[in-house]
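Quick notes on the structure that follows.
Naming follows writing order (A, B, C and D), and every chain is counted from residue 1.
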Amino acid sequence: MSGDSSQTAPGEPLLRVEGLRTWFPIKSGVFQRTVGHVRAVDGVDITVHAGETVALVGESGCGKTTAGRSLLRLIEPREGVVFFEGRDLLKLPKKELRDARRTAQMVFQDPMSSLNPRLRVRDIIAEGMDSFGIGRDKAERTERVAELLERVQLKADHMSRYPHEFSGGQRQRIGIARALSVEPRLLVLDEAVSALDVSIQAQVLNLLSELQRDLALAYLFITHDLSVVRYLAKRVCVMYLGQVVEEASAEELFRDPQHPYTRGLLSAIPSIDPDRRGLDVSFEGDVPSSANPPSGCRFHTRCPQVMDRCRVEEPQLIQLSGRQSRCFLSEEGSCGVSLG
Amino acid sequence: MARLAESLTTGSGSGSDLSRRCQAMAWRSLLGLVAFACFGCSNSPYPEEDSDTKILYRSFEEAPKNLDPAYAYTTSATAILGRVYDTLLEYHYLKRPYQLIGGIAKEVPTAEVLDDGTIRYGFELRGEMLYQDDPCFAAYGGGATRQVLAGDLVFAFQRLADPLVNSPVFQSFANLKGFAEFAKALAERRKRDPAFRKLPPREQYRAVGGISGVVSEGPHHFELVLARPYPQILEWLAMHFSAPVPWEAVQHYDGKEGRDHFKDHPVGSGPYYLSEYAKESRYVLEKNLNWYGVKHPEWKAAGAVYPTSGAPGDEAHGLLPAEYVGKPLPFIERIVTVRDKESIPAFGKFLQGYYDSSGIVKESFDQLVRGDALSEEMSARGMKLEKSAKSDIFYLGFNMDDPVVGSAKGARSRALRQAMSLMVDVLEYTRVFTNGRGIPAQSPLPPGIFGYDAEYKNPFRTVDLKRAQALMVEAGYPGGIDPKTNKPLRLSFDTSDTSPDGGARFKFFVKAWRQLGISVEVSATDYNRFQKKMREGAFQIFQWGWVADYPDPENFMFLLWSKMSRKKSGGPNTANFSNAKYDELFLKMATRENDDRRMEIMKEMRTLLEHERPWIELYHRESYVLRHGWLKNVKAPGLSLPVSKYWDLDAAERGRRRTEWNRPIYWPAFLLLFMGLAIIAPGIRTFYQERQ
Amino acid sequence: MESWMVSNLVVAVLLVGGAWIAVAVSRHDIWRAAVQQVWKRRPGAVLVVCVYVLLALLDSVAWRGNVDTGSDVVAQHEAVTLLERLFGDAQEKSYSAPLADIEFYDHSPLKHPGSHLFGTDILGGDVFLMTLKGARVALLIGGLTSLIAIPLALLFGIPAGYFGKRIDDVVFFIMSTLASIPTLLLLISITVALGRSTLVVCFALAVTSWVGFCRIARGETMKLREMDYVHAARLMGASETTIILRHILPNLMHLVVITFVLMFSGLVLSEAVLAWLGIGVNGSWGLMIAKAKDELSRDPAVWWNVGGAGVGLFGLLLAVNFLGDAVRDALDPRTRKES
Amino acid sequence: MLAYVLRKLAYGGLTVLGVLLLIFVIFFAMARPDDVARRALGEKAQGAQIEKWKAKHGYDKPLWPTLAKPGGSLLQAHYVSLLSFEFGNSDLNDSPIGTTIRDGMGASLALTIPMFLSGLVLGLVLALFVAFFRETYIDTMGVFLCVLGMSVSILIYIIGSQFVFAKMLRWFPISGFDTDVIADGNWNLLLRFLALPVTVGVLSSFGGDTRFYRTVFVEEVNRDYVRTARAKGAGEMRVMLRHVLRNAMIPILTRVVVAIPFLFTGSLLLEAFFGIPGLGSITVDAIAGNDFSVLRVMVYIFALLFILAQIATDISYTLVDPRVRLE
C-alpha cells in the first residue's frame, strides 16, 4: 500500500460524506438560461469505517447511483464534504484527485458496459497498474493479473480473451478484479449484482464477502434490493428523492423500521413476481419529480401516515439511539405505533 | 392508449371508404396517363398553333449580356442588335471578299483629304426612315414613332465617347477629330458640376459642345472627320456600335419606376424589333413594319432588297433565284430564339426539325458530312450544307518573354520554335477534331481578307520530322534531351479549357511534340488563373483564337504589334512578340489603302513571322451551316453578321417533315409494362399462397 | 524522386499496411467474425472489390524501360505501369469500334486490328485499358478523400463529444455552417478557388463530406463518454488522452469502417458530376462519361467509351454498395441485433 | 414553444453569419476582382476600362476592414448587401440578380415540385410494397433494384434517357422549356417538357429513397404495437397504411424536409441538360462564366433555405410526435 500521509487517523472513519448535493441544471429559453435544478442528491451524509459494509438503498431514481458517483467525483457535485482517508476529495485539484481516489474503486452495475469490448481482459485489469505504476514491469503486472483472476475465481488463461466471451457473472468478477488491481480500501458497489441471475448473485456476493475478509475492504453497497442488503451490510442508509430518510444498523432496520417509507419498502420483500423483485413499493401515486420536490416532507405525497405538518415543515434527521430517521413520527418517539 | 383504440374503431368505416375513393382516383389517373401516352405524347417543343406562320427557330448557347449597341460586344448580342438596329453601311450579302454597301446611308462615301490633313467622309441619309413603334417616343411628346435623323447618329457617336457608357470600342473611334477631347471634357465637367451630372445625357453632350469630327447638317446629312488616316473606320460603321439611337429611348429606359434599362430594351430602326425578351431563356424578334424596306419597297435600297448579283458560283448554288432577286426584304415574319445550353439536345432538335438551321458550330454534327458534302441520308431528308471560311485564326503561341521558348536565347530558341512548328500536323488535327473543317493557316491572315494568298505555303507548317530533329540539335536539345537535367525537355502548355474535349485536343499536340523528345505538360486551370498567368507572362505555350472585328488585315497583324503586348499593356498580343522591324512595317501597313505597296509590306511581315515563329498557325475555321431544305437563300457569312433578313422558309413543308420525322414509337412502353407485370405477378401469387 | 517512384513506394506501404491490418484483424476475433460474416453474405461483392483494388495496384507499380515506344521519344524516359505492360498500349489514330479492323469514320485499316476489346477513343487510345486504369483513379478519389475526411471528422467530433461545452459549441457551429452550404456549390467554390488537381478535388470532397461523419462521431462519443468502462478507466487513473485513445477511439472504429464504405460510392459519383462541370480528376471514369456526352450525339454514335466507363463505374459502385450493406450489418451493433 | 422557436431562429441567424464569412473567404479572398472584371468585359478590354468596371461594381475597396478605416471594406459591403437582400447586379451582364432569381424560381419549381411529389409518392409506395412482401423474392429483388439504381451516375441517366426516349422513341422533346407555358396554362406542352427531366430526376433518386423508406418500414413492422394491431385482426394492408406509415413519419420527415430547399434551387444537372431556365441553370451559367456575384448569392440563398428547413424540421418533430419534448 502506498499513500502514507493520507492514512486515516485511528477512530476516524475511512469515508465521511456530509451534506453532499448534486444538482443538474435545467436550461430553458432563447439563451439557455438555467431556470431550475434537478436535485438528484440533496444533502446526503454517509459514514463508512474501514473494513465495514454500508448499504445505500432506495427506489430507482432516488439518487443513490448519482450519490455514489458524486462522492468519487465521476459526477461533479455542487457542494458537500467527502473526507476519504483524511482528505476532502471535493477540494482536491484534478491531479491530486487521481492519486487520492486510487484506493477508492467502483464496481459497476451493467456487466455489458463496464468493460471495454475492444480490450483484452489482461489489458482491462492491468490498466490501473500501468497508470499508477504498480508492479515493476509488464511481466510482473501480467503475473499479478493472473493472480487477481484466480482470486476472483477465474482462470489465469482467461486474460487473453475479450469481454464478450464471458457470461455476466464472469464479467462482474473481471470488474471486481480490475477494482482490486490498484489495492483499494473502499469499493463502491453500484448495483453490482442486480443485473445477474439469483444463483450467480449469490456466488458473487460470497466472493465479495470472502474478499472483504481477506483484504479488509470497506464496501459502500448501493442497491435497490433489500434482500441483498440483509445478507451483506452492517449499516443501511435509505434514500428517498435525493435525501437519506433513515439510517440504522441492518439488524435494527429490518427489525424495527422507523420511517414510513422504510416500512413500505420492507413490506414489499420478498416479491413473487420475478420481474419486480426488490423495491416496487405499493405506495399510492407516482414518485414526485426531483426537479420540483414537494414542500415539507418529501414523502408526504405518498405517505400513508401523512399529517398536516408534513406538508409545510421539512423534517430533519432525528438522532435516535445509534440511528437516525427523517420523520416527525420518530420525533414523538412513537415508533411502530401506527403500524397496525 | 385509449385514444389509439378509439381511432382504430372509428377509423375502420371511413378507412375503407377512403381506400375505395383512392382506388377510383388511381384508376382515373392511370387512364389519364395512358391517354396522354397515346395522344399527347410528342417531342415538339412548340405550341401547335404556330406551325403555319413563317417563323424562324434558332437556338443560342450563351445568353446575351447587354443590348446597348454602344456597349455590347458579343455574338449573342449581335444576333439581336444587328437585326434591331440599322447601320450606316452594310456588307453585301453574297459578294466575297466583303464589299461595303449603303445601309441607311445611300452610298459608301469616299475619303476626302482636307487642307489641314484631316480626312472627311460625308454620308447622305435616306429620308423618311422611321424607328420601330415604342412608348418612349410618346413619353417625350411624340407619337408612336419618329423619323431617323442625322442628329441621332451624332448622339450615337457621342455615346461611344461617353466614359459612363464605357464602350469597348472607344479606341477604334478615337481617330475621330475631337473624340477623345469630348470624352475628357465630359468627364471633367461631370466631376466639377453636380447639377450637370443630373442632366439627361443628350443635354450633357450638347453642353460640352459635342465631337468636332462628328457633324450633322440638316436632317439627312452627316459627316465624319478623322484626325489621322484610318480607313478601317468604314468597317466599324457596318457594325451596330454606331447605329442611330433615339435619345428618347436612352432617356426613358432608365430602370426607374418599373421601366426597363436601355440595355435590355433596344429601340432601333432595323428590319425586326424585339417583341419578347426573357434574357436567360428566349427572345422573339418580330418583323418591323416601320422599316424603310417595308415602307418604301420602291426605293430598291441596297440593304432592303434581295441582291441581284453575287459572288461567282452563287447562281449555281441557287442563291440568286428569280423569285427572290430584287424583292423587298424581309421574308420571315418572326424569329424565335430559344436557349439550348447543351449541344446534344440542341442538335437533336435540329435533326427533328425543330430548329431550322444549326448555327452552332459543334463537333457533334460533323459526322453528317462526308468529305465536302452531306451524307446521303441527310441529303435525302432535304438538308443543305453551307460552307464558308470564317475570318478568324486559331494558333498556338509561344511566350516570347520566356527564358526557354522566348526570344532571349536568340537563334537557339528560334530553332526550338521552328522544330515544334514543324511537328504540328493541322490536317490530322482537323481530321480528328473538326472533321476536316478548317483551312490550314499559313499566316495570320484568313481567306477573304486582303493580303491572303492561297498559293502561299509556310515552309515551317508542313510536317517534317527529320528537319525538326536537326533543328532540335541546333537548339541544343539533341534528341529532346535537355543537357541540364539529362532528361527530355519539359515545357508547359497553359489553357483555360478544362473540358474533357479540350483535354483530348491538347493531348494531340503533346503527342506530336513527344516525337521530338519534348515532354509538354498541359495545365488546364480555370479562367481566372489562366488570365493571371497570361497577364504576368508566367506561361510558355498557349492556344488562342482571334475573330475579326472587321475584314481588314490590320485587325490581324496588330496581334503581334509590340504596343499590344499583353504583359506590358494588357493588349491582345498574347505572345508578347516584340520585333522592331515588324512594328515598323505594321505602322506603315496599317493606314494604307489596299494597294500593291500594302501587299508587299505584308509579304515582308509574313516572311518575318515565318522565320521567327512566335505562333504556330493552326487553322481558319470553316463554318458549316446545316439547314433544312425549307430554309432558303442561306449563304453562310464569315463574319458574325445577322443576315436572316435575306432568308425565307416554307412553313408548310416544315410542318409536313416534322410530323413525318417525329412519330413516336410506342411499343417499348407496352413491352416494359408487360415485363414488369410478368416479374412481379408470380411473386405476389406465391406470397398469398404461402399466407394461406 | 520521380512520381512513379513515389507511387511504387506508396504501393509498398499500402501492401505492408494491408498485411498488418490483415494480421491484426485475424487476431482480433470481433473483426474476424465481421469479415467472415461479410464474406459469407456477399462473396461476389468482396471479390469484385478485390479485383478493382488489384487493378489499381497494378496500375500504380511502374518502372522504366523494356517497352517498344515507337516514335514516341519521351516515352523512353517515362515509367510504364505494370497494368500497361500486361494489357499493352496499342495506339490507333482515332475512333474504332470494339474489336474492329478498320477506323470508325475513316474506314482506314487499323495498326492493331481486332485487339481493342472496347474500341478506341478519339485519339486512338485503347478504351479497355483506360477503363481498367479508371479503377486506380476511383480508388484514389475514394481513398484519399476518406483519408482526409475521416481523421478530420474524428479530430473535431471526438473532442466535441467528449469535452462538450465550449468545444462542442464551436465544433457544432462549424458543422452547421458547413452543412448549410449545398455540397456541389461548396465543392465547386473550393476547386475554383484552389485550382484544379487531384489533391484539390479530393480535399474539396473531404471538406464537404466530413461533417456527416463528424456528427456521428460526436454523438457516439457522447454516448461512450458515459459508459461505465470510461468511468472505470478514470478511477484507474487514466488521463483524458488515454481515455480518448484507448477507450473512445477504438470503439468508434466500426463506425469508421462503415462510413468509409458507405461514403465511397458517393464520392466517386460526385466526381463524375464534377468532371461534367470541368473540374474532374484526370483519367477518371467521370471524365470519360462527360466526354461521351458529345460522342453519343455523333451519328453513328460512339457508345463504347461511355460504355466502358459506365461498366467500370457501375461494377465498382454496385459491389461497394452491397459490400457497404454487409459491412454495416456485420459491424453495427444495432442492425446486428435485429438481423 | 415560443422560446424554443426563437432559440432555433437565433442559432439559425448565427449560422447565416458564419456561412456569409465562408462565402466571403471563398469568393473574395481567393479570387481577385481583377480577374472577374476581365472576364466580364471580355478579352478585348483595356486596363483603364477594368479599373472603371471595378469602381462601378464596388470591387475597388480593400478586402478586410483595417483598424484605421473599419468601414468601407468589401467584407462589410458583402454582409450588408446579402443580409439586406440587395443583391446588386451581375458581374457578367449587369442584370439585377434579384430579378434573375425571381424569374428562375418559377421554372425551378415547375420542375422540382412534380419531381419531389412523384418521387416521394413513388418511393413510399414502392417501399411499402417491398416491405409488405418482405422476406420474399420481391423484397430481395426490390432491394437489389434499389442498389442497382443507386450505382448509376445521374449523367448516365440523363444522357441515356435523352438518347432512348427522345431521340430513338421520340416520346418527348429532347430538351426545352418555355416560361410562357406556365403563364399561358398550356399544360399539355408543359407536361411534354417536364416528363423526361422529372422521370430522370425520380429515377436517379428512387433507389436511395426507397431503400431508406423500406428500412424504416421494416423497423416499424417488427415493433410490438404492430404485432398487437395484427393480433387484433387488422388486415395487413391496414396495418401497413395506418400504423406503419404513420409511425415511420419522423425519419421520413427528416429526410423529406431537408430536400425542400432543393425545390427552390432546382437541380443543376437536370436544368442544364434539359434547358430549363431555373435557378440551377443560372448557377451552372454562373459557374461557367465565373460570375461570382451570382454564385455567391445562390450559395447564400441555398444556405438560408436550408437553415430554415432545418428549423422547420425541428419544429415539425414536435407536431408529428408528441413524445419529442421541446427541451
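One rule holds in what follows: a contact is a pair of C-beta atoms (placed from the backbone, for glycine too) under 8 Å apart; a residue touches a chain by one contact, two chains touch by 3 or more.
Bear in mind that the values here come from a model prediction, so they are computed numbers and not experimental data.
Taking each chain's centre as the mean of its C-alpha atoms, the one that lies farthest from the centre of chain C is A. Here B-D and A-C were compared by C-beta pairs in contact; the pair with more is B-D. Distance between chain B and chain D, defined via averaged C-alpha coordinates, is recorded as 34 Å.
We define each chain's centre as the mean of its Cα atoms; on that basis chain A and chain C are separated by 52 Å.
A separation of 85 Å divides the Cα centre of chain A from that of chain B.
Look at where the CA atoms of chain B average out and do the same for chain C: the two points lie 42 Å apart.
In chain C, the residues that reach two or more other chains under the touch definition are 192, 290, 293, 296. Shown for chain D are the residues that touch two or more other chains, namely 31, 159, 284, 290. Counting partners per residue, chain B has 342, 344, 348, 526, 528-529 as the residues that reach two or more other chains. Within the complex formed with chain C, the chain A residues making contact are 69, 72, 74, 98-99, 101-102, 104-106, 108-110, 113-119, 124, 127-128, 131-132, 162, 164, 175, 178-179, 181-182. By the touch criterion given at the top, residues 342-344, 347-348, 362-365, 367-368, 428, 431-433, 435, 479-480, 487-488, 498-501, 503-504, 507-508, 511, 514-519, 524-526, 528-529 of chain B touch chain C in their complex. Of all residues in chain D, only 11, 14-16, 18-19, 22-23, 26-27, 30-31, 147-148, 150-156, 159, 163, 219, 222, 261, 265, 268-269, 283-284, 287, 290, 295, 298-299, 302-303, 306-307, 310 touch chain C in the complex they form.
Of all the residues in chain C, the ones that touch chain A in their complex are 29-30, 227-229, 231-239, 242, 246-247, 250-251, 253.
On the side of chain C, the complex with chain B involves touching residues 71-75, 77-78, 93-94, 105-106, 121-123, 192, 195-196, 275, 278-280, 282, 287-288, 290-291, 293-294, 296-300.
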